[in-house]
Structure formats: C-alpha cells, structure tokens
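Think of it as A, B, C and D in the order they're written, each chain with its own count starting at 1.
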C-alpha cells in the first residue's frame, strides 16, 4: 500500500481492521429474526465493491454522496465507500420531508444518493425537477420498487455487482483511490439545522473526526470488544462519531436495530457496553420504570423503594469508588444490586454498559442520579457539530450533576468576556460548505470556535453550561443572569411544566410557573384535594406551597454557586392558564416565546416587581374550535425564601 | 431476578431455536443434570430410589407419551395403561422367545408393538373426535387387558397371568441395585424426553398442534390428518410401551395384566393434566406431583393416626379436588405456573 | 403505477359449469369462470351468494356435483384439500383459522410443511436434514415476516394478537407455502381503514413481487374495484356478472342485485 | 331358538337399564355440553348413600327420598363449585373436570360409608317369571322384568320431560346455544342444577336396581362404563339414540358373550360393546340418529 500513514483516513483504517481483526464482527443488524453479522473483512469487501460500483457509475473525487435512511450497515458502508473515492458523504435526516431535503440536495450539488427504501426514493423523486443534477439513486431495500420505471434508480445490490465487475476489470483502482486520500480531505459533511437561517454544511476532515474519535477512545478506554447500538439519526454528528468514527478508531462492533419501533427490544438483546442517548430517552425509560413499578405488589414496591433509597444514598459514590462508605452500606448495596439494580439494568438493556453518555440538552439531576445510583456509568459530554461533539467529557469518578466535565484531551476551552464558551482543538470543522462568511464569523482570529453557549468553569475546572450566549443578560447589580439555566432547574421538578423567569436589567429574579396538570393533579388527588380544572388547581394555596418548596430548593442550589447566586427567584406566581402554542405563547416545538409572554402578561410582571400580593388579569384564549374567549383570574403572588449569596464569591 | 438476558443475542437461527435459549436456563439445567447423575446416586437411600425416583421417572415417561397424544395432538386417550401393558408383555415375550436378545432391543421392540397397537386403536380417531374418541379408547384398555388375561401364550402360560420380568442385564452389566436401575431409567427417560422435545419443535410437532388447534385449516395447508394422528398415536404409544416395560422390569419385577388397569390410565392422565398439557416439562412436574402427593398424604394420615383405607379414600378425594382446582385456576397446569414464575423472574422487579 | 405495469398471463384455473348442493339446497348453480395467471380476481356478491362455497370448491374442501375444474390445463375436479395444497393453492379463511396454541413463527412455519422432507426419526434426533430444514425454512419464513411487517410479534402466541394482526399472520402462513394461487376469503373484513390500507398494500405487493395469482372475496367495493383486475359477481349461487371493474360497475344485473329492488 | 330368545330378552332387559344410565349422560350433555364422566360415580354414591341410610335403620321408603335430597345437594354443589367457574371453557376441560369429580365422589362415598360390600334388598325376588316360563318356555328373571319396567317408565317420563314441558323446552334452548338462551332470559345455572338433580335421580334408581343384584360395591361405578358404548352408538345428544342404543348394546353383549365368548375364552362383555359401537361408528360417524355435519370453513 502506498501513501500516507496507515490509519489516518477512514478507508485506510478499515483496511487495517480487515487485516488485523478480519474475523471479528464489525457490524450487526437485526434482520430476519437474528443478528446478521459482518466481519471486518466482509465489511471491507462490501465497501470496496460499493466504492468501485460508484466509480463505475461516474462518482469522482470531490463529489458529494447523499445518504438517507435508518441506521443500516450498507448505509454506513456508503460513508466509507464515498470516502475511499475521495468523495464526501452527506447524511440527511431520514424523517425530513422532501421539501426540506431539496435545500441540502441543491446546496451540496448532489448527483449521487444512496437511500434506504421506497419511502426515501419517493421523496427524492417528488422534487426531481428542482434537483436535475441528481441522476443516480441507489436503494438498499427493493421492496415496492420493482415497477418504478425510472432510469435514475438502481438497486444497491446491482451497484455492488457492477462494482465487483469494475474491480476485476480495474485491478489496483481501489488501492490507488484509498492511497490518494489525505487526512486533510473532507471526510463528511453534516448539515446543522441552525436556529436561524438556512442549514449550513459543516465540513469535517478525516483528521478532525479521528482526533475526536481517538480522543474519546483513549479517554474511555474503548476496545474492540465493545458493542454499541446505532439507533440515532445518521445525519447527527453524535452518531457519526460514536457509530462510525469511533468504531473505526477503536475497532468495536456496531449494531443496527431492526426498526425504529424495536429499538428498546434490540437494546435489551444486544446489551451494549458503550451507549449514548439524549436525556429524553433516559427520561422516558425512567418514567416507564416508575409506571411499571406502580402495578407491582406492595411487597415488591416496598423492596424497590427501600433499595432505591439505599442507592440514592451510596450508589453514586460506590460507582465513583469514593472512600468512606461503611461495610453495612456496601452490603446493603450489594443486596440491592442482586434484588433490584441488577434486574433493573437488565430489563433496561444496560447490564453491560461500561460507559454511557448523554448530551444535547440539560439532564435533570434526579434523572442523572438515578442511573448512576443503580450502577450505570452515565456521564455527560459537551460538544457541537462543528467540534465533532468533542469538547468536554466527564471523567470516570469525577461526575458532577450539573457540569459537563473537564475539557477533553487536546481541547482548549476558554470563556469569552461575554461568557461565551470558545473552543480550539484538532477536532474542528474545516469550514462551512460554500460559506466562507459564516466560517469567518464563527472562528475567531486565534482559531477559537464560538460555540454560542454561555458557561463558566467551577472551582474544580469543570465547565458548566448555563444558557445560549445571546439569552444571557445581567441583573441590575451586574451579576450574570441566565434565564434558561434557572428555568431548567425549575422544570426538573415533575410538578413544574413550564417556567419563565425575568430579571434582565432588573434588581431581582421573578418567575411565572405553569404547573404540570397530570403530576400536580395526581398529587392533589392523593391528598383529597378537589379541583375543577387547571385554573382552579393553580390557585390552590396548597399548590402554591408545593411550588414554593420547589422554588426554594432551586434557590438553595443557586446560592451554592457564586456565579449565579444572585439569580435566586425572589417572587413567583402560578399562571392561571397553561402557556399554549395556539395562543402564540410557545413555539410549535414548545419553546417559550419570551418577548411575547413578557408583553402579554405585562400586568403580572409589574405586579411581581411592585411587590403586590395578587393581581387581576384577563387574557384572551383561543379555544380548540377556533373561537376566542376571555379568561380572568386573580393571580396570587408568592414570595420565596432566598439565601444570602455565598461569601466565596471572590474565589470565582 | 437471576436472569441477565441483556447481551444474549442470537446471530444464527440455530442459536435462536435451541431448547434453552437463555444462558441462565442452560446453567440451571446443567446443574440439575449434575445433581441427578452425581449427587442423587451418592445420597439417596434404596427406599427413595425404588419408591420415589424410579416410579417418578417411569411415570414421567408414560405421561410424556400421553402428552404427545393428548397435549400436542389433541386426541384424548383413556387407554394409556393398555399401551404400557403391551410394551411390558411384548418385551417379556421377546426376551423369553428370542434367546440372547439385548434387553434394550427388547424394550424398543416392545415399544414398537405398543406403537402398532396404538395405530390400530388410533384408526377410529380418523372418523370420530372428542368424547367419542375418549370413550372408544376405553375399548383399548379393556380389550388389551382381556387379551393378556385370556391368551396364555402371552404370559407364558402362567396360570394367574402373572409374569416375572427377566433380570435387568445390559451391556454385560446386571442392573440390580436400586441406584443402578435408577441411572438406567434416568438415561432412557432423558434420551426419549430430548427426542420428544425435538419432535415437538420440528415439523411433526407443528403438524400435531395444527391438527389439535384447527383441523380444517391444517388440512388446507397440506397436513394429512390421517398421517398426523396416526404418528401421534404411534409415537405416543411407543413412549408408553417403553414406560410400561420399564415399569415391569425396573420397578415392579413381577407383574400381572391387571397392574395396567384403568386406574393407572387415569393416574397418567392426571399427571398430564396437573403437569400441563402440551408441555414436556409438565409431564415431569405432573409425575412428581402425583407420586409425591400420596406419600405426603399417607404421612399426614399417619400423623393423625388414620387407618390406611381412610387415607386412600382421602387421596382419591384430594386428587379429584386438585384436578378440578387446577382446571379452574390454571388449566395449563404446573408447567404454566412454572412458566409464569419464570416470566416474573425475567421481568423482575416489574410485574409485567 | 404498480397496477398499470401488471400484466395478466394465461388462464391457469378454469371452472366450468360448477354446481354444488348440500342435501338438496343449491349453493352454486352452473357457474363458469376462469382465472388468469398473475391477476387479481375478485368474487363479489351479497351475503349467501355462494362466494365462500366457490372458494371451497377451488381448493377441494367441497367437491362439486357437476362441472369441471381445470388447473394448469388438467382436470382437477376430484382433488381434495391436500391435493390443492400440493398443486400450489393456498388460502385464508373468513373466520381466522390460525393455530391458537402456537406462536406466530410456528404458525407460519406450518405453511411450509409440504416442503419439509425429514423423517420423524431425523426430527427426533434433530440432526442433519431435520435441523438443516428447520433453519432453511426459518429463513424463508423470516422473509415473509419481514415482508408483512410482523417482526415485533414473531414469538407471540397468536391467541394474544389483535384481530387485524391475526389476519396478517394468516396471510403469512398462506404465503409461506409459496403458492401459485392464493385464495383470500374476506381478507379485510372487520378491519379499520388503516388496517385495510395495509392489507391492500400487502395483497398488491404479494401479487407484484411474487407474481402470485390471487382470487379474493371482499365486501368492500372500494377495495375490490381498486385492486382487482377482473371481478365475478355471484347472486343466489348464480353468476350474474364477470368482467373488469369498469364493466361490473356498469352492469345492470349487478346493480340491481346490490340495490335489491331495482328491477 | 328358545335359548336364543331367552338370551335376547335378558339382554334387552339389561339394555333398558343401560339406556337409563345413558340417558343420565345425554341429559347433562345436552344441557351443559359436559360429558359427565362422574355419572358412574353418582350411581355408586347414590346407592351407597341409600344403603347407608337403611343400614342406619331407616326403611327404604325413607332412605330413598333422603338420598334424593343428598343427590340434590350434590347437584347444586357441583353446579356451583365445578361448572360455574368453568363456564365457557372447552368441552375437553369440562370432561376432565368430571373425571376429577368422579374421584372426589368415589372417595367421599367410601370415606363416609366404608368400602365393604353392602347387601341391598329391594324385596323383588330374582326368580324366573313363572307365567312366562309356562307359556313360552322362556326363562326371564322377574327382577329383570320389573327393573326394566321401572327403567322404561323412567325413560319415558324423561323423554316427556324433555320434549313437552316448559323446563324441557328451556333445556333444549340451552343445549342449542348457551349464550342465546341466556340472552332470552333462561337462567343457565338453574337449568344446570335441575339437570344434575335429574341425573342424580336417574343414578339413584340405577344404583338401587343394580346394587340389589350384586350388592352395593365399588364395581357399581363400572355400570357407567357400560353406558359409554351406548352413547357412542346412539350419540351424546339423542334421547332416542340412548334408548335404541341401550337395547342394541344390551342384547348384542349378551348374545356375544353366550355365542362368541366360549370360542375366545369368555369375559368379552367388557370390551365387545365398545368394539361393536366403534365398528358402527367407522361406518356411520354421525351415530344412529345424528345428522351429517357439514364442516364449514
């Protein structure tokens, strides 16, 4: 083999694995009832055929290859095939509608696409007149496509045959192509959804992706025996890192679920050793655990709750191997491990998890603690598409509930004056595709990437992300004010569904609360509290007391942190109606429209800051049938206890 | 609770369709086999061997046979004891009349004779079903016992019809001690149980269950009712025949045709019902239950100083009541209870 | 798109002058029609028109007193159900006829019984051919499970499934036999709109992908007109119409039979 | 010829008794779809109870009604404890339950009254009927004749009960379709209790007649087994089938025993009726009076 260090591009790494551990499983897929397995050498052969097939069909160095579909082995191989030819795989979100795909297809000048099935083919054909350059569509699953009389379509099977023929006719072609690849070539292009404006294609090179992948591999000591379940969208940087880049960097096995519906079953079967999920997955799992436990017999419930109590007390510390845990507690935990935690991990499919990560959104401390206390090494990480999801990682044994850990090896992190987190590392984007303006804007002259997130380092050097940088303001007293950070803390309570805090340029922080009708309703029923609906329940003094304890608990947490101690919630009220997208108070994705709310409920905000004990308000509401009406109520305002800011403030 | 199934995934159909797909089960079975083959022979007393373990295994085998017919193929039979008798007396005659025949071969031939009789008496099942069939299998019971009593040749002209089984000698070894008999019976039963399990998970087992569950549909997809039912009768009878032979050779020693009476048929039927229809495991559980219950009851009666006659009547009542109880509470018997318990352990700590 | 591309072949089933009666009650009177290879042929008619009896005649459950059945050109009037299965005729039933005590997988596996050759002795020792056969057929069955999208229930006992899925499993069992001709007796009866759409898709896909000839009885006129190539209309055991959906829609006898009073 | 007639007549007379027991099965089967294997045990139980009472010093006229009360109680208990929880189960399950019931009743009877043979004297002498012997030279037992007469009356009464009375109609409705009968307001449980009571009565009569001949003992339970071939032959649901079947089985059994028995060693009564019934079934699977069932798919 010629050219380059073996293992500095993905196709070369693949060849290396095929040579070193050719008979070990590289990828499995639950298909036809069993886990079909391909070894590294088989995978290498398939990739080779696919690459040759693409070449035979006219795919050239520098071209982009769209990849659309659920996580399937052949789609992962398409990444390697495109890279082997010096092309760039461009994964698209498989659940995007045709119109959304058009932009990327046009922007990336896609001529070749490898897609999963009829559904994706249909979408591509739907907008065919807007993407005339898309001439080659290969599909993995021929179901329903037999009679599509379309000259742009070809079965992937057929492509592989063509590839094998081409390979025979052009010996050495593949080797040359792979050898021609450079670490600095673009390895993948990931489109970020972007909160504003059009999506941008983030170009990552072999070198940058591998820097992130190898950094993570060494950090968590990933080995070829590890197993991951690849079920997150392939277009997302996380999946690209965990299921592709790290798999090739560490040589472990990836497992593709049978379908989106069977992920949980497949998770149980595979029992991955290395697992990644966004917080909402962990949250859903926990909810299911609790719901299922409610049907259990009293004895089992008592057992469960007792041992969960033990776990809460000592579980996380035992996992972190912290000293100072008594033999009695250890014994109890061991017993609990046999009776409850072990079975629980088993049912969740996490018996074998050695390292689990969550990221993408703030995870509730209770949620986080639950998984750690039953012995699952769940950790948080922080990153972005532009940094290959590789900025901060929580090291084993140094887990804090509300930080995202220490800067990862090889990553420099600094905080800008406005609180924005800046990152410089080898695992950084080469640039945005065809957007030098955006590239220049997001990378400062020193080579630091602007993450757009605001955060700070705590006393131990752990990074704490508090908000989007643009939302961060200052209190009248000059202290940093991060509304999201406070709101998230409030929302971690099951009783609080939505929270809106105010405080920018004011002297104190106040909050609107929406209670969770289900949880609070349940709570009320259990104590025999009658109520007629949301408005009624929200106004109950008992409910105010309940929420007050929640708010005060948040205040305690805030006070402990000098950076945000001034942001304690001084006063709050429970809104008489639920914030609703129909009333334009929330976006369709249920994010609060802060400005709109501020304007609409100005009376209440004024009352909060004026120190009044209650305020009458009438609001327009839209009913489901489209009529509008008025809801009026006297909204009570409650003072919450807050602590004096910790004296250690100077230490920050 | 003990199950840790995460990570036990199957990469081939072979692995997916093994008898015990869960690793913990395989370990459990291995442990049980170790106990049965190593620990038990070391610790059990002759009484335990000959009054509990040997009859347990033999009855389990007979119940297995009946389960194939009734539980899997859905054909009720009240003539199990008759097939056992055929197996026993045929084996006796083979050994008697063919000098030097290995005993194991005689058992197999005895089983085959039982199978032949089974096919003969299974013929009505092609035309009649349900209760008619149940009632008609009684004919087998009466006819076979009558034949054995009335045809002197079959009992080697023994005046009372009593035969004494020949010495249990195989591979040049005389199985005389209870422990050795136990091990022999254990081996035979295990091999046949494995074979039965294999059959019920293959095409022939599916054909039986198909005929049982919906005979019209079974025909339409190409099963031949005659062949299916008759193989069920034949294989079931073979199992019963071998069990009958073991009953005579390894358990009773001296046996008369009346030992294989209707009462025995019913006992086997109860084993199947209490153990679980359509379950290999159930046959064993049922046999254990029916063997142990009288022992337990007579201990109980002794404890209260009750005479034997009362104990035996009590036993009948308890049997009867238990049958009804099981049918009402758990028609699929102990095997289903076991299965439910296992499911609970697999899902532990969740209830479902 | 799929329908337009389909093309019907030669006549593979020909029924001529079929009459069937039960103890003097006439179920079918002098009915003749044919079925072409690869087509979807619907039999429609009001309740009691003799539709199910017609299917039962085709796969040998009933033997007609008069008339002849030709399958692939040969007279098969005297075939029984087993023969029909061997000739490659599979069917589903109006009232689901699954094997309740078995899992979905086992139910579908029964559909392949005619292709299994291992003797019971081989099966008992589960070695060699018996084991190989189980594995091979399992693979084929899994493809059908995949095709009908019932992966998530493959090990569930069929008795626990909802009605719509049971119907699908029954179709799977019939497909497992790789039939040349598939008889479907009201495959969509009792289903909600979504289930019906799924079933339609499966029927069309089956016809399309495996080239299976399909004879189907269905009450839902919309479905029948949408998916069938030709339609036979029965009423009181007599044939009153035969032709393409368009022709049937315009046929006065059919209209009057369906509307009842228009004479 | 005379001997033949004598045998035939004797057979027919016992056939009437078979018919009576068979009717007990038919009744229960029609009303509840249960093949009541415990019928034999009920015969035994009834006879034993009656004898037990009379052994305690009661006259037969008191013991019999008292026994009847016990049988009613048994019927009610069976309905409540066994049948009601098993409603809507398949018939095989119900059949199995009656096997359990059999064991329970047999055990109970012997537990209460002891397992020894109890002699029973009804006051009818088992001597040839002189009148008949004089006229035709055929010896027919007076006892058999009277017993047959009683049975015949009972059979006739049951037939009437079944076809003419209100309860009979309700019963037939239940037999046709449980759910429909319930829907139109026929109390299922009540019907079952009645039917089991009647079956208990039939069992009592049969038990007394049989018991007085050989003594009341466990072997009485086998009387029920005699009725099974009758059912196979006549069908589980047919009243006329039970009657005609009983006569055929009774007659042919005796004839076979007398004429065929000696050739093969005797004692063929035990299985001959079954073989006869089976042979018949193979030719005509729907039984004597059954209708041909068209299998619908």
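Just so we're on the same page, contacts are C-beta pairs under 8 Å (C-beta built on N, C-alpha and C of every residue); 3 or more make two chains touch, one makes a residue touch a chain.
Bear in mind that the values here come from a model prediction, so they are computed numbers and not experimental data.
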For the chain pairs B-D and A-C, which is connected through the larger number of C-beta pairs in contact?
-> B-D
Chain whose Cα centroid lies at the greatest distance from that of subunit D | A
Per the C-alpha centroid definition, the whole-Å distance linking subunit A and subunit C comes out as 48
For subunit A paired with subunit D, centre-to-centre distance based on mean C-alpha positions, whole Å | 77
Quick one: report the Å distance separating subunit B from subunit D, using the average Cα coordinate of each chain.
-> 32
Of all residues in subunit A, which are in touch with two or more distinct other chains?
-> 33-34
Would you give the residues of subunit C that are in contact with at least 2 other chains, written as numbers and ranges?
-> 61, 93, 97, 138-139
Please set out, as single numbers or ranges, the residues of subunit D touching at least two other chains.
-> 295, 297
Touching subunit C in the complex: which residues of subunit B?
-> 12-14, 17, 195-196, 198-199, 201-207, 209-210, 212-214, 216-224, 231, 235, 278
Spell out the part of subunit C that touches subunit B in their complex, as residue ranges.
-> 59, 61, 81-82, 84-86, 90-91, 93, 97-102, 106, 109-111, 113-114, 116, 118, 120, 123-126, 130-131, 133-135, 138-139, 173-174, 177
For subunit A, which residues count as touching subunit B in their complex?
-> 28, 33-37, 227, 267-271, 289, 292-293, 295-297, 300, 303-304, 338-340, 342-352
For subunit B, which residues count as touching subunit D in their complex?
-> 76, 123-124, 127-128, 130-132, 134-136, 138-139, 142-143, 146, 149-151, 216-217, 220, 266, 269, 273, 309-310, 313-324, 327-328, 331
Over in the complex, which subunit D residues touch subunit B? Could you list them?
-> 35, 81-82, 85-86, 89, 91-93, 95-97, 99-108, 110-111, 114-115, 225, 228-229, 231-232, 236, 264-268, 270-271, 274-275, 277-278, 281-282, 285, 295, 297
